Each structure stands twice: as structure tokens, then as C-alpha cells.
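We just call them A, B, C and D in the order they show up, numbering each chain from 1.
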């Protein structure tokens, strides 16, 4: 694996290590997986997915992957910091990437996603679309990684309508769609008519609730989830982990990989909203215009969104 | 000839034991047959086979001249065979009614037809002179009544052949009499009864025919009218029993004294009331009384397993009322409990492990390593081996689980421990020979007298009056928690004692 | 206020069936003196099979039946391993949970090529029973649109109560726990009986799981039972293996759960409040314990 | 005789392992990998290299602790299913003490952390025990509830009051001096905790089988009436036993913090307590047996990671196979066949035995 010069002859092998949530979250793990699959198709690399069962498996998984013949290894999840820090210095020949972790290394690229900016934008959208004056939020757990979404969302909602009521809730688990749905129903009972989730599999419950309730919209997260309940999911706050993954792999393949932090904010199209395939007719043009303005203001720094991570 | 039961060439091999060795028995219809033999002779095994609980390794069973094979007790029941086990098969949490109909519930559409069942059971009880409240929970009933429930249970199943495995081991004489009445009644109705017991008086009293087993084989068979107790005993043990040992005359000082000891129960009743008694060195005090009158509590309160609510207990003039069980045990109060399986032994443990139970804290079983005290296995094993030798405990080794010993041998383990490990000042023995064969009984009795002769004080509790008379110097009777008489053993007759036990007589001035 | 109660009640009722049904599954095994920690695994398999069958057959009823069949079979296997081959019941149940977690993930991938979660419009869920006339009555309106499975579980509650205390099989089950030898010698095939009970336990859990994936949701996600099996066990313990008691236990838990969900909307800190259902259960047990103790003490004093 | 017994003891698990691997093979085939390759990866991962072997031991460590905690309680007749919760509190305690303890030499601060974890585990175990004794509340149900409470509360502490620098629900890193030293290089999770666990196993073995205390514990574990008869205060005994068990469970948590993660991370246990119960039961609650079963489990888990990294088989499959294996190991298929085989031998043996008596 040391011979990198004739990269054209040799197939590049890349590995994705998910967070302990694993694939199937229709969220950042899946998104990263999409990026890998795209790279597999378009760049002809060989891909591999590793799903640790708990944080206790992180070190072991990363180490084994590093000592295997993968050229590039990407670990997604905010909680990878410790494992990355202790493993990567030992594998200077390998390339690594992390997401939202505070790590540095000559062989490590970190994608920083501005979840808060994207959330601000959908918060504004929620606020603008709400007829009841109440919007809801369902988080998986009450943890910083999720509060980043919650805070951005609330700021966005309040930005366009200071009187809007924002109801944040937390399921207490990322894997309990049944409870997720119950939270959605509760929020709807409290008059919330737009609900944003950042709850991984628990968030599926929100979509289930949308199927049954009229006049209520949901907002997806991380990936384009709009298709799940067509026409009832206003948009999704897309976090292009997949794009980042694809970019990294491409750089590895083309030998242009550079270490260091890469911001994926609104400006970089790292986060943003979907192309509104099913909801174009529902969202008024002036709302869309307003969103564009807000987006530009964030990019220009006229609006600063609180980033919980930096508090 | 018309036999109700024929078991032909039955053998049963357990891992390690040939429990039945080519046994053949034939039992006439309508007769009462006693199956006797020493512990571990294979009686229960043979009957379990007849009841379908065990499968014989080889052999054939015929019921009413028809060959049968039993895969479970259901098959036996279908052939009208019923069994009352040594350890009752009753569910304490359920009512009498539910226990009786269990497995043969009459139904009306989907539901159990309790009314019909009740009627039927009441009829059965009436025709057999039994009276039990059918809605009472089994757990609230005394053993004797539970025994009757067992019998009703088999009658309810319409059995013609009834097996009773040591039904009298836990019964009071009165209850035993009742049982015999029932048995005679049943036999007169044409039912065949097979009865296992270790008590030869009972054999003589109730049976028509006797089958003797030893070491898995039938060694003798006779009509009851052709034999007597002594001949039978010889048959069973294979040799003459030694005579009861002579008593030495001993004048000793008091070992244990109870002063006004009372125990008040949660329900406000007294299980013991103002007990005053003294036992001297070399004295055996026998407690007679119908069980349930506080005998158990008396033993437990002296042994230190329950606290008296009032009163004082003195051991050699020292107040031990507030000493707990462990302290008393180490100070020389030994206790042979009535229930060896539940209390006296840890059934899953080896003889060696059991041989120090309670005494495991004694320095002689400990060794010091690096300042820490550990159990000294060598010494424990030595002790166990010594006990096995002295008491002739039949076992492959000291590492054998007591669960694999026969009842008599289990009892010997308890007795050996309670007398050999620590020199007891006071030996409390509750039902010391329950379920034990006559050979072992004779051994145990002689051993207790030997202890007495060497100045140990003893408190014997037994529902067997013969045992009380054999062992005691003094006899006291407990009635409803009170001592109603205390007499010299040679100055009282069985009949008189019976009156005290029934509560119809009370000694005027009980000495002390 | 009334609205609030109604809404909490509605949530309670929707959260109830899985815990209730698995609780019943735990109850009947508790009756034969078996600790069945495997409720969780049975439920998960139930949830999975239900989704798969519904997807392929398009019929929720068939899905339910097949789920019952498969989960019953699992229960039977449990019984055979535990009773015939003497494998410790805790070991078997922990293994079942482990197996359920792994095998559902595996088949999710094999059958649908997806990981983690599967939903599709082809999955047909259970229908709800709509009682429009209740809609405007406070409190009762909580029952206006509930899944058919909720009513099924109430029916099961009644059937269970009758079976346990009025029928012969119930009598035998009640007798087996305290003294199985007594039942055996009374001519009952205890092995068969235990097999039946465990099969039924599997079926009950299976229905509970199916409710999760086809009643409340129409999808499957990994580990979607999320600890409900343990709560169900606690419910059956709480209720002393009585059907009504178990239901009360499940209700207590479901209700506090619903209350805490609601409370979040009113600004209570979510992390700590999630502890509440567990805490309330323990406190209730302590309360009941203290009450019982006082009562027996009072009786004692009265007798002085 | 003895050799036969050993063969039987070894033969049974071997049979179980083979059967379950065959069943597993059926599941592997559809994934397109050859089962032989998969299993050889599994084995290589678990035992094939020194590092791999050490990782297996690392995975075995917490299971050995939880297994011992469970086994000890079971031996003494208490069904402590609360190991999971006691572990959580042990973990969070070790983390907090490790983070906030002023810098002391390691030989002081490591024991302090460990002892703190043990004490808190003990206290948490005390609750169900005392409730059981005073109010007759089933230990089982309280433990299940307390497990959830411990987990949620520890997570809360790590996410709010004591949240560390990471963007997740985790505390700060514990101080350098509170770390359990690694034994097989910086990138292997094997740490001093393993040695500690073995030590605990040996101590427990001695405690149970060689001391008065153990004698009494085992007695009360088997029969309460017997233990009362030999003068043991069963209630007091239960409390002490559960607390010792809780202390060991606390150690399991401490090891995960001080030897593996170096901080408390939300949901750190992920079922170690429940797996520990299986470890204990498969070892027939024998402390030394737990060492073997824990390593067996650890090796399977570790091998599965290796297999996942090296082939396209996911770990879920191995946990299914593992489940099957557990059931087969626990099952006793031999009962009938062995009996019937022995029948003839015994008949003759018995006859000889007769003379001896």
C-alpha cells in the first residue's frame, strides 16, 4: 500500500466507519455512505463499511481498519475525537477524515458542517410557513450535537417572527420511532404545524405522524428525506456529508488530499435545503425569496447563528 | 388367581445404583400389602415405577392380568392406580378443592365446573368419614389433614389401587389412627392398597400381607398373621437388632433452665406460654404432645432460632436469652431438626461440607495463611471420614452429595455432626428417627442413650410415643403451648399420657 | 386542563399495547416460575416479521398471523431448550435478545438491501377503530381513534383473566409455578404445559412487537423495541403476575411516560424528566411496601 | 473416569460451537463470502496475532467483571440483574473522580478512583437489597428500574453539569495519573484492568470456597432455612452480598473509563451487565470459570470486528451465531445418550460396590 505513485493502476480502497448509530439512520451515516457509493461508481474505488456497535469498539475498529490495506478511512460522528487522536499518528501513510471532531494531524482532514446555519434556514422556513404560530422540534437526545440544530432552528424561527413559539422536545433515544411519533403527535396537539427533527431513526416517527395528520408539515434532516412523505415534508436540512466524503475520496484518488479543517457551511453548500421536489407548489414564492435573502445574509456574515459547539 | 398388580422381573438402574434388582411381586385384589425394608432398599423406586414416574430398565407390569406400559403417571391413573407420596404433592397456594381436581377438572363448556366438583368431593368425603373445608388453602392445613387431601385426591380419580409411600412418617398417632380407619374402609370397598412404612406396629396393625425388600431385592414375603414384629425386624435388617442399652444412674446439675418463657405470635396467640423446665446432666426429657402444640417452637427457642417474647433461658446458670443461634451452638447446644432436608442439611452439598455446618467457625477447622483464616479442607475431610466410620454411614465417599444418600443415612449425618463435632451439653432432637429404617432407629436410640450416660442432657421431641418411652427419663406434655404435666417415665402409662396430650387432664402441681 | 388529560391519556393508550402484551407474556411465564428476559427479543422479531409479511402479502392480518406463528415457534424453541435440554432460562433469554437483534439486521439487509430502517408504502398497517361519537366527550375522546391492537389487548386481558382463574389449563398453570411435581403426579404433562405457556408468551410478545411496527408505525428500525421488554417484565413483577395488576403496572409506566413527554413541552428539562417513569415505578413499589407493612403492624397492635 | 469427565466437559462446548458455526455458515453463504474464509478471519482476529489476542482479552475484561459480579450474587442466591446500573454509576464516578481529583501519584489516584467506583456501585446495589429486606420488594424489578435510572442519570451528568470538551455527552478526560496503564501498546485497549479482573476472580474463588464467609454465603444461596439453622442472618447476608456484587460491577464501569475510554461517554455500557449475567451462568457461577467464558465472549466480539473489517460480513451475523452458540453450550443434549451408554458399565460396578459397604 506504500506505492502511491502509480495510482492509476491500483484500485484505491476506502473505508467508512460509521458512528455507533450505524447505517440506516437515513441521516449522516447514510449520507456518507451515499458519497462512498457514488465514489465507487464514478471513481472506481473499492469501498467498505464498518459499523462499530458502541464507542468502546471505536478504537479497535479504527485501528484494524488502519492496519488493513485501506488507503483512506473516514469516520463519521461527533464522538470520534479520542479514537482518531490516538490512532492516526501511528499511520502516517494513510489518509483519514473525520466529521466535526476537534482533531488535527498531517494525514487528517476534518469536515466541519455548519448544522446550525442550515437549521437557522429551515427554522426561518418553518416560522414563515406556520399558520398557528407554533413550530416544533424533535431531537434524539438532549446533547450538544443535537442542540446545535435546535438552537439554530429556534434562532431562525424567531428571526423572521419574534413572536413564534418554538417547542423543542427530545425523545431520549435515536432508535425509538414509536416514541418519536408520539412526540410529534404531542407537538401537533400543542398546535405546532411545522416540525423539524434531528433524531435519526426516532425521527421516522415524525414522518409516520405526518401521514395521519392534515395541515402539518415536517422538515427532514441530514439527507434529502422529502420523498418519505411526499408533499408533507417541506424540505430537509441537508448536510452533505456524502459530498464531503466524495470530495475526500476524489482527492485521495487524484493525490490532492490535503489535511486540515474544511468548513461545510451554507456558503460552501455543505449544508442547505433540498430542491423542494414535492413542495414547490406549497411554499409561496415570497417565502422562498426571503429564504434566499437570509441565506445570503448568513453567508455574508450579516446574520450570525449561534454554534453550540463554540459556546 | 386374580391379581390386581403383578410386577414381574423389574430392574431399575440409576447411574451408580441398581435400585431394583429383578423384583417380582404379586398383589391380590382388595388386600392391604405392606412394603417394608431398610432405607434405600428400593421401595419408593418400585412404587414410582408402578405409578409411571420412573421407567423400569427391564421387567413387566400387569394390572388385572393385563400387561401395561406406563410412560407417565397419567397412564397409571388411567389404569386406576393412585399414589400418595412421601413428600406430599400438593400446591400450598391453592385450595383443597383445586388441589383435588387438578389434572381431572370437570368442565362446563370452557370453565371448570366448581360446583359439580365440590358436590362430588363432599360426597367422597362423607362416604369415607373425612371432613375438610374444601375452600381452605392447603398451606393453612396441618399435615395430617393434608394427608387426607392426598387420599381424597386419589379417590377422586377413582383409583382401585392406592400406593401410600410412608404416609405416617409425619402424622400424629391420632392422625395415623384416622388414616388406618380410612384404609380399612377403602379396603372393604374392594380397593387394593400398597403401603410403605418403617413402623412395624403399623405393619402388624393394618396389613394382610407383607413384602420385605433389601438392597433392591425382595427377600421375604408372608401373610401378616403368620409373623410377628420381631421376626419381621430380623427379615428387614438381616440380623438381630441389638437390645436397647442400659441406663446408668446419674445425679447431675442443671444444664438448661427455662424460666417463664413465652412466645407470642403475630396473630396475638401464644405458641409457648410460661414454660418452666430444667434438664439436668444425664437426663433425657421427652416432650410428648400432638404436633402443633408448640414442640417445634420449644426446640427452636432453646436452639436460639427464635427469640422468646418473655422469659429467660439459662445454660449452666448463665443467661443465654440474648445469645443468637451461632453462639448457643458453639456453647454446646446441639439441635437435630425435624426436617433434615430443609433445615438440617444442605442437600446439594457433600457429606464433608455438611459435616461442619454451623461449626465451620470453630478454630479447629481453620488454618492461617498469611494472617488470613481459611477453612482447612484436610481437617474437614478427616472429620467427615471419622463420622462416616463411627456411624456406619453408607456412602461411596465423604465427597458424595447428601442428596444421594438414603433417608436413614442422611439422618445419621445430622446426628453425627450434632454430637461429634462439638461436645454437646444439651442435645435437642426433634423427630430423630422420622423416615428412618428400624436398623438405623435402633442405632440412633442406643447412641442417644450412650450420650445420656456420658452426662449429656437431651430434649427429645417425638410424635412416636414408643420413642418417647424408650429414650426418656422424664416426660413432659405440651398442650396448646403450655406444659401440662411433667412425670417420671417409669411412673406413667401411655393411656394417662394420652389424656394429657388431648388436653383433658392437667397435672396439679408441676414440680419446679 | 381536560384537554391536557385527554391528550396524555391518548398518548398513554398508544404507548400501552407493546408493554401490556409483553407484560402478559412475562406474566404467564412468571406463573410457571420462569424468568423470561427474552420478551424484548420476541417483540423485536415480532416487529420485524410483521413488517416483512405485510410488505410481501399486503395484508396486515396475514402479517399478524405469521408473526404469531413465528414468535410462537420461538417460544416453543425456548421451552424445548430450557425444559428438555436444561439450558438455563436466563441464558436462553439473553441469547434470544442477542439473536433477535442480529438476525433482524441480517435479514433486513438480505431481503431489502437496506440497513437500519425499512419503510415502504407497500407495508400495510393495522387499522384503527374509529369511534367518532366519542370525539367530543372529554377524556373518553382519547379512545376515539385507537389501534385495533389496543382493543385486542384489552380482550386478551379478559381472556387471560378468565383462562387463569376459571379454566382447567389456568388452574394447571397456577399450580405449576409453586409445585410442578404436584402437577406432574396429578397426571398432567408438565412439559407440554410449559411449552404451551412459552409459546403463548412468544405469541403475546409477537403481537406487541407487531403493534410497534404495524400499529403505531408502519416501518421497522433496528432495535425498535428499545428496552420495552424489560419494562414489560417489571410490569408483570409489579402486578404480582396478575393480569389486572400487570395492566396497572403497564398503565402506570405508560402514563408517567406520557406525562413526561408532555412536561417537556412545558419546559421541563428533558434529560432528567426521562428518569421519571422508572423513578415513579420504584417509588410506587416503596409506597405499596410501606403501606403493606403498616397494615400488618396495625393488625399486630390490634391483636395486643 | 476423570479423563472421561474432562473429555465430556470439553466435548460439549466443542459440539455446541461446531453446530452453531454450521448454522452460521448457512447465514453467511447468501452474503457471498465463503464461510471458511469468514471463520478463519474470525479466528485470526481473535487469536491469530498477539495484538488480536490482547484485544480479545481487552473485550473480555468488562465482561469478566460483570460476570463475576453476577456470579457472586447468584452463588449466594441473589439475582442481581442490576449489574448494568451499578456499572454505570461506577463508570461515572470513576470519571468524575478521575477528572476532578488533584494530581496525585498514580499509585494513589488510581486506587482512589477504583475505590470510589466500588463504593458507589455498592451503594446503588444497597438500595434494592434493603428494599427487599425491609419492604419485601422484589430485587429483580427494582434492579431493572434502577438500571435505567442509573444510565439516564449518568448520561445527564456527563451531558450537563460535567460535560467535557467533546461535542458529545461525555466528561473531560481523566487525569493522566488516574489512567489504568495499557498492557499491549497504546492502541490496544488491554489494560491493567484485565489483571485486576483476574485478581478479583481469584479472590472471589477463595472467598467463596475457602473461607467461613464463603461457606455461609453459599449456604444462604442454596437454602435459607438451612442457613438460618446454622446461625446465619440471611437478611444481613443478602445485603452484604449484593453490595460486594455491586462493588465489582462498579469496577467494571471504572475499567471502561480508566482503561479504555479515559472519560465517561453516554451509554458507555451498552449491555455489558446483561452479557455478564450470561458469562456467569455459562460458567455455572464459578468465578474461575468466568475467566474462560468471559474470554470466549471477548474473543468472539473481537474476532467479529476483525471479520467485519476484513470481509463483507457484518457483525450482526456473528452476534446471531454467538446467540445460537450460547444456547447450545447451555443445553445438555448428552443426558440421555450418555446415561444409556453407561448403563451396562454401572451394573457391574454396582455389584462390586456392594461388597465394599
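To be clear about the criterion, a residue touches a chain if its C-beta (ideal position, glycine included) is under 8 Å from a C-beta of that chain, and two chains touch if they have at least 3 such contacts.
All figures in this text were calculated on a predicted structure; none of them were measured in a lab.
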If you tally C-beta pairs in contact for every chain pair, which pair wins? Let me know.
-> C-D
Taking each chain's centre as its mean C-alpha position, how far apart are chain B and chain C in Å?
-> 46
Give, as an integer number of Å, the spacing between the C-alpha centres of chain D and chain B.
-> 44
Any idea how many Å lie between the Cα centroids of chain A and chain D?
-> 37
In chain A, which residues are in touch with two or more of the other chains?
-> 51, 142, 172
Using the touch rule from the top of the page, what residues of chain C touch 2 or more other chains?
-> 271, 274
Of all residues in chain B, which are in touch with two or more distinct other chains?
-> none
If you go through all the chains, which pairs of them touch?
-> A-C, A-D, B-C, B-D, C-D
Chain A residues touching chain D - in the complex, by the definition given at the top | 15, 48, 50-57, 59-61, 63-65, 68, 78-79, 81-82, 86-87, 90, 100-102, 141-145, 148, 172, 308-309
Along chain D, where are the residues that touch chain C in the complex?
-> 27, 30-31, 79, 81, 131, 134-138, 140-142, 144-149, 152-153, 155-156, 159-160, 274-275, 277-278, 281-282, 314, 316-324, 326-327, 330-333, 335
Residues of chain C touching chain D in their complex?
-> 35, 37, 81, 85-88, 90-92, 94-99, 101-103, 105-106, 109-110, 227, 230-231, 233-234, 237-238, 271-272, 274-275, 278-279, 281-282, 285-286, 289-290, 292-293
Chain B residues touching chain D - in the complex, by the definition given at the top = 13, 15-18, 57, 215, 304-305, 324-327, 329, 335, 337, 339, 342-349, 353, 357-358, 360-361, 366, 372-375, 394, 396
Write out the stretch or stretches of chain C touching chain B in their complex.
-> 162, 166-168, 171-172, 174-175, 178-179, 181-189, 296, 299-300, 303-304
